[in-house]
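Here chain A shows up in two complexes: once beside chain B, once beside chain C.
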Partner chain A sequence: MDPAGIYRTTYLDDMSIVRTKTQWTILISALILTVLAPFYLSKNLIDVMSLSCCILISTLGIQILTGYAGQISVGQAAFYGVGAYASAILVNDLGVPFIFSVFLSGLIAAAVGSAFGIPSLRLKGFYLVMATLAGQIIIIYLVSHMHFTGGMVGHKANYPSIGPLTFDTGPRLFWLNFSFLLLMTLMAKNIVRGRWGRAFIAVRDNDLAANVMGINVYRTKIFAFAVGCFFAGIGGSLAAHYTGMIHPTQFTLMDSIWYLGYIIIGGLSSITGCYFGVIFFVTIKEILTHLPVSAEMAQYILPITDVAFGVVIILILIFDPKGLNHRWELFKGYYRIWPLGYK
Partner chain B sequence: MVKRSYNFVVNLVLFTFIPLIAWGLASTPASAQANATGEVYPGINAPWTEPKNVNFKGTITIGDASDLTGPAAKSVSQMSQGLADWFKYQNEFLGGVKGYKITADVVDTKYDSQNVINAFNRFIDEGKVLIYSGMAYTIPASTEIANRRKVPTIGSSGSVTQALLLPEDEAKKDNYFFQMSPVVASRMAILVKFCMDDWKKKGKKGIPKFGTFNCDTQNGHEAATATRIYAEKLGGHFTIHTFHSPSITDAKAQVTALKEAQVDYILNGPDYDQPLTVFALELKRQKSARWKPIFAGHTDFGTAYIDTGNNAFEGNYCYEYCLDWTDTDKPIIAFLHEINKKWHPKISQRPFLYQTGVQAGIVISEVFKRAIEKYGDPKNIDGVKIREVMETLKDFDPLGISGTFTYIHGDHQGTHSLRIAECKDKHLVPVTNFIQAVPLELTERDGKYWLKD
Partner chain C sequence: MNVLMQALLDGICIGAIYGLGAMGLVVIQKSSGVFNLAQGMLMMVGGFIAGSLSVNMSLPMWAAAVLCMLAMALIGLIINFLVMRPLAGESPFTQIMATVGLMSILYGIVMAIWGTLPYIYPTEIIPIENIEIGVVLLSPSYLNGLIIAVVACIVLSLYYRKSREGTAMRATSEDEELAASVGIRVTKVLQLTWIIGSICAGLAGILFGMLGSVNYMMGEIGLMAIIPVFVFGGLESFVGALLAGFIVGVVNMLAGTYLEVTFPGITNVVPLVLMLTILIFKPYGLFGEERIERV
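Right after this comes the complex of A and B.
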């Protein structure tokens, strides 16, 4: 929704992502503040933000797949893992430059994801969940037991480097991951507001009607899996080089469920919602995990944090089931007419 | 006559007093040895004193990333508690470490890899120079972070890959991961040998059949491979491996497979108390007059036995690389009973991993003591210096709570011995002394060697 008095007179204008001068000012200020974050935020916060960028990229993928295309997947962590392993193997074992390996990893994850998306042609809802669950289990089993993935030992992933520049410090890794996040956000935004995005929404809302309208439902579903997993692969690739070591235990079913949690809490069918979901989860998790308690009391107090986490999630779902993005939209609607609002 | 008396005295000295003194020195309890070095530990090798009121010169804070929640929390959280108790004692009764208060910043990693990665990065970003990790399974990534960022981690893993450097890497690399127990392969070697001896002792004929029950993790696979290799090496007959996920609700498939293979000994490496309990119950259910296998495995099997008191565990064995809560005749364990009465009056029983937490506390305090002696103010000490100091530990006695600690550049196992205890009459009854592990061959120091199965 645009502020009152803003009119769009061309189609291009109407399609623009950033629509007002205020939005441009906020966006540029936010970008500058984020890029300069390593200079004023603690190293630890930068590290957390770095890893969150990778998670966010993967969340954008599941938002497209589940939020827009309506294909519920509980295998996103495994596809994230595919990207991570692909990149680690490409860079460390095959000597592929990092910049190519990131995109290749995305493509490999997309190919694997498409294969596991094939059941979506026949299955829906809970049945599709079961199919993607099988994907999660099979992928993790395979990477745990294959020689070239390092099996149970895991696989190393060197620091990423592009040309002479090696990203071997916290701030550098953050800048790299953040750049990719911006790029992937733009990509996601463009996909969902374009022809494919409209096809995803049509298939999600009523695949029969979509078919009647001339949308190839099968191709759309497979493409949704490919796109969703491509994003997971890119995120996984960045995470592998950020962490330095990958192991099957880093890509669990629980992580896949959290991905659904991020988009549900953030807001389904919203790219901004992904940001809200991930930032909310990571912030709460960090606060509750790092409560300043004495070593003696830690074992009694820290486990309670899980309960607190659960309570916060329940409260959000009760008071705003449409997610945090909806709350943000309400807030925007309010401040745009402040102080001359009417009832 | 004088000469005869002289000879008598000389012989008496040579053959009686000298052997007696040598024997006495060799068998001096750890506490007395510690006393001999001049260290006084109230409640252990000296009478209890009042807590000291010390004006500390500063605080040394290490990181403690432990699974206080999750499937492994029940036992793993005890490591954190043991560490915290030792630091409390160190600060209140020993005046800290060289006048500095020592404490741990605890993060609950919740059995979640992202938490582990964030916790490690956070500790290092905050300038901590040593991290204690009481984590169940998410170690490889954290070890890599420790190695990349050159901050030592001391943990309870057991993996060859983490504890040992390949001979060709020794000159090129430093390893920042320090273990507190023998590697899994060595543990299994001791268990297999124990079973072979048990077979002979019972006068059974033929060759004993071995099978395994392990968690589907790196350590579990190391244990499985090692069991097969050592069973074949020591003249046993290896039959079958079975694996399980970290938490299970039934072990029917595994026990049935072991029963079909008619195994005599079921061996198990690092595992958790929950699946081991489920396994013990299923094993009891499937045992028959014709099939009575012996289980010998991870220390958490014993912990689960003490916790549940279920007779399904009876007659089976577990290994221990530390003293047990019931070893009250040992000064360090009697001391732990005392401090628990003082500080945790509601707790009457501590699982095995509590002792390993105390063991880590003793070692970490010693490391900082040596580091401060060498470099002065803790502010001058970084992770590289701590690693170097840790590698100076040679036959360091952690007050008798376990075997001695030795870290050398290529071998970060710490202790190299363990003992075996039987689950009997609601107690863990040691059936061996601490057995020294045979060092691995050079070719066996490659982690992949132990991950073939």
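Right after this comes the complex of A and C.
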């Protein structure tokens, strides 16, 4: 849905992410506002936003895997953990520069993920759910019992530094995480609108037809899974250096479940949807955890968050399976012709 | 040698309980093709309900178990009515996602009502004394698990083969539209499967809780215990689930006996590694129909 008067004459034009001058204006002003956020928002909010950036990167990964390629994974938190541990060990123990370790830990997460995914991805049906469930438990078991991961004590992760720059304050970490988020979003967007993205959608919708079209279904599924884990690894690596201390209990099965919830609520098969899902739930969680309630009620807050989360997932699945992103698209279509809408 | 025998026998008993939990998954998988991720949480809910009834209200264990089964049937009914029925006819993908939501809701409810304190309750439904076979000792909680799970397996298999509803369920699992066109009420069948699945989960939860205690971790641990059984048993067979349960239980106990000392906590991990291996070499499990397609 484009406003009137926009004509596209080339394929390249038609595939562009940012299409109109208004979009450019909104995008640039939003970027400036976000980058300047540390100057006008409280420190706590910036902390939440920094961590949300890491979660969002990981959510982009599961969006590609589950939303686009249709493979359900319930191990995203574990692969996020693999990235976190890999990066912490690479930087702190082996002295690899941060900028290399981020991408290396992404690759390591992708490799570990593929090891769990390959057997089940050969099969039709939802075997990946079971394999990733197993992966979740096995990975967390390994990191909490291995010597070099620090076991149940956890592992330290230094503040990230690139060359002479050290990111050791809240705002600096936020800028680092946010720039990685932008980079990964661009990457995700490019993957899903290119050849691989179309292959993912074809495999999701009808793997037999995709096969007839000349797509190697097995390879496509594995690539989707590796990409999903790569994103998780990058997010995890940033999160590790952001929090400074990582521990096996940060990567639980329920966290993996939350990732699935983010994309359902935001809208499956949409990169923007990830943003909506994560922002929606982080906001709800922050509001619930900062409610001024008595100590007696406080113990019910976390369970209530879980219940609310599940209820929202089910309501969205039943009543509005396209998620928040679809609502956003409808709203855009509405304001473009406002006030001259027709019935 | 004694240790080995003890591990084998205990493994068979524990495996029967896993098998019972997996049968709940099998029922639902058979008729709607949905892998119920919330099964572990349902087990935990069952365990906690029985725990409250027997500890807080000091009912005898068998009464608590019966009441718990009734409550689980009600929960299954509610789940079907509120969640699964509106989604009937949607793709399995959507329905699996709904069980993800269900998992979170049940977890939240359990944490809100029962919190993180464990429940320890009487170790027997059917009163049995310790049985000694030579030097091997079988405790009542293990024997209870074995007996109840085997009985449940026989009852379920017969129910599926012989009864009218069972036939309807088998027809629905083959082809929903065809079943509907010969006059089977598919929604009723789906409702029944969710009730049976929940009851299986509840019963397995009680028996699982008898081995140690019921606590808030059981949702995850229970799910991890029954998934290898489910895959090994071939997803769609009750007898398969039970026999796979025996195998997984024995593997579990052997790991617990011989590896636990050097690698603490490995007991729950070994069956999962086994499952990944099975997925490579024999993906349709022991008793599954070989209609799995590779891509």
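In this text, the second predicted complex is superposed on the first by the 310 of 343 C-alpha atoms of A that agree within 3 Å, B and C clash if a C-alpha of one lies under 4 Å from a C-alpha of the other, contacts with A are read in each partner's own complex, and residues count from 1 in each chain.
In this text, a contact is a pair of C-beta atoms (placed from the backbone, for glycine too) under 8 Å apart; a residue touches a chain by one contact, two chains touch by 3 or more.
Since we're looking at a predicted model, the values are computed, not measured.
J.: Which partner does A:K156 contact after superposing on A: first (chain B), second (chain C), both, neither?
T.: Touch status of A:K156: first partner only.
J.: Which holds for A:M254: it touches chain B only (first), chain C only (second), both, or neither?
T.: In the superposed model, A:M254 contacts both chain B and chain C.
J.: Return the chain, chain B or chain C, that is in touch with more residues of chain A.
T.: For chain A, the partner with the higher number of touched residues is C.
J.: Which of the two partners, first being chain B and second being chain C, lies in contact with A:A134: first, second, both, or neither?
T.: A:A134 contacts chain C only, not chain B.
J.: For A:D306, using the defined touch cut-off, is the partner it touches chain B, chain C, both, or neither? Pick first, second, both or neither.
T.: Both chain B and chain C are touched by A:D306.
J.: Just checking: does A:I246 make contact with chain B only, chain C only, both, or neither of them? Give me first, second, both or neither.
T.: After superposition on chain A, A:I246 lies in contact with chain B alone.
J.: Given the touch rule stated above, what does A:K124 touch, chain B (first), chain C (second), both, or neither?
T.: second
J.: Go through the superposed model and pick first if A:L165 touches only chain B, second if only chain C, both, or neither.
T.: neither
J.: Let me test your reading of the model: by the given contact rule, A:S42 touches which partner, first (chain B), second (chain C), both or neither?
T.: first
J.: Output check: A:V212 vs chain B and chain C. Expected answer is one of first, second, both, neither. What do you get?
T.: So A:V212 meets neither chain B nor chain C here.
J.: For chain A, which residues lie in the overlap of the chain B contacts and the chain C contacts?
T.: In the superposed arrangement, which is not itself an observed complex, chain A uses residues 144, 254, 299, 302-303, 305-306 for both chain B and chain C.
J.: Looking at the complex, which residues from chain A come into contact with chain B?
T.: 42-44, 47-48, 51, 55, 144, 151-154, 156, 170, 243-247, 249-250, 252, 254-255, 285-286, 289-290, 293-296, 298-299, 302-303, 305-306
J.: Considering only the defined contacts, which chain B positions touch chain A in the complex?
T.: Against chain A, the touching part of chain B is residues 64, 68-69, 73, 77, 80-81, 83-85, 87-88, 103-110, 112-115, 117-119, 121-122, 125-126, 137-138, 140-141, 143-145, 148, 161, 216-218, 221, 343, 447-448, 451.
J.: List the residues on chain A that touch chain C in their complex, please.
T.: 70, 72, 74, 116, 119-120, 122-127, 129-131, 133-134, 137-138, 141, 144-145, 207, 211, 217-218, 221, 253-254, 257-258, 260-261, 264, 299-300, 302-314, 317-318, 321
J.: Inside the complex, what are the residues of chain C that reach chain A?
T.: Result: residues 35, 37, 82-83, 86-87, 90, 92-94, 96-98, 100-112, 115, 220, 223-224, 227-228, 230-231, 263-266, 268-269, 272-273, 275-276, 279-280, 283, 292-295 of chain C touch chain A.
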